[in-house]
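Let me give you the structure first, and then I'll get to my questions.
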Amino acid sequence: MPYVNIKITREGATAEQKARLIKGVTDLLVEVLDKNPATTVVVIDEVEMEHWGIGGLPVEKYREALRNASR
Amino acid sequence: MPYVNIKITREGATAEQKARLIKGVTDLLVEVLDKNPATTVVVIDEVEMEHWGIGGLPVEKYREALRNASR
Amino acid sequence: MPYVNIKITREGATAEQKARLIKGVTDLLVEVLDKNPATTVVVIDEVEMEHWGIGGLPVEKYREALRNASR
Amino acid sequence: MPYVNIKITREGATAEQKARLIKGVTDLLVEVLDKNPATTVVVIDEVEMEHWGIGGLPVEKYREALRNASR
Amino acid sequence: MPYVNIKITREGATAEQKARLIKGVTDLLVEVLDKNPATTVVVIDEVEMEHWGIGGLPVEKYREALRNASR
Amino acid sequence: MPYVNIKITREGATAEQKARLIKGVTDLLVEVLDKNPATTVVVIDEVEMEHWGIGGLPVEKYREALRNASR
């Protein structure tokens, strides 16, 4: 009966990769807590880069700052 | 003052149906908990089929497996 | 297969009222979108008053301000 | 390490405005709770008007009703 | 940079099991999408039984109905 | 009409600090997007340390690992 929400930035994850996330999380819940896969719901949200912030910046700007800092 | 989030798979729900969900949930909260509709927020998320997992599979594959199992 | 999350302030909602919310929302999704109750998940969150803000204030302070304004 | 989710209706917020929301929320968490910006995640969701309900109505219909009521 | 929320019913999951869920989900995101563990946030919510509904019933009543139906 | 959810670890945030978060986020939405405070909902979730994971570890273990690594 678990509900799992996975939020990732929209960066080209394929249908196959998303299916692996769904299977992997469901298997994990079976293995660790013996949950029933038939009532385990997994919802993936792909978030636009402009909508994801870290370090006070939109993620692309944050990564750019990290790259510049490491030069 | 309630906040309600309804997540459904994106399978052609019409604007009229979504309006009925908004009204129905708001009326329910008025009826059961005497909540103020003017501050009752309802947000509907339509989720791509590829992003919804159940039974360890993306929902379309899950439904296909159920159909095959029932043959 | 829908997932519904209902957030309300913790103000004494009874088990019976919560059961009515679960039933009401599930029935609504059957009626409007013909969804399967057996895979319709409803999760209720009761939020401490101190954790709920509206009008820029914690809800109790907001209500107090409304009462004072209406005197 | 905070996670902040901001849901707004999709009404033309610009990339610059979204960046200001990300910065503003992160700065607030540094200022009030001394949180580390590098692990403060902010996710913005822009919600279609048809998917946002208040007062038991989709938000555009609700605003229309308010306008009519104020005539 | 992913954010994962795992909602389970409060049924005695141990600290060790929760740690395994955190590790398992993080490892899965590294393996499938090559995500950075240092910015992968996992939040577990344990939900009171009274607050979790399925089949239109609070989960304990639902399970009871299933048991009775299988007699 | 925005809805903002702030998730933080339960580490002693005071009522006063939570009120400042509510006010700060609401003011930010007024300033940046001219939103109406009266329909801006802010919900704070305080998450048990055991329920918050980063770097594949429960947060306390993660911080411990960071401290050891910096010795």
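Going by the order they are written in, the chains are A, B, C, D, E and F; count residues from 1 in each one.
FYI, a residue touches a chain if its C-beta (ideal position, glycine included) is under 8 Å from a C-beta of that chain, and two chains touch if they have at least 3 such contacts.
None of the values given here were measured: they were computed from a predicted structure.
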| item | value |
| --- | --- |
| Higher-contact pair (C-beta pairs counted), E-F versus D-F | D-F |
| Separation of subunit B from subunit F, taking each centre as the mean of its C-alpha atoms, in whole Å | 27 |
| Rounded Å distance between subunit C and subunit F, as computed from the means of their C-alpha atoms | 21 |
| Residues within subunit A bordering two or more other chains | 1, 3, 7, 21, 25, 39, 41, 43, 52, 54 |
| Touching chain combinations (by label order) | A-B, A-C, A-D, A-E, B-C, B-D, B-F, C-E, C-F, D-E, D-F, E-F |
| Residue numbers on subunit E that touch subunit D, as the complex places them | 1, 3, 39, 41, 43 |
| Subunit C partner contacts - residues on subunit E that touch it in the complex | 7, 47, 50-58, 61 |
| Subunit B residues within the subunit D interface of the complex | 15, 18-19, 21-23, 25-27, 37-46 |
| Complex contacts: residues of subunit A adjacent to subunit E | 1-9, 13, 17, 20-21, 24-25, 28-29, 31-33, 35, 39, 52, 54, 59 |
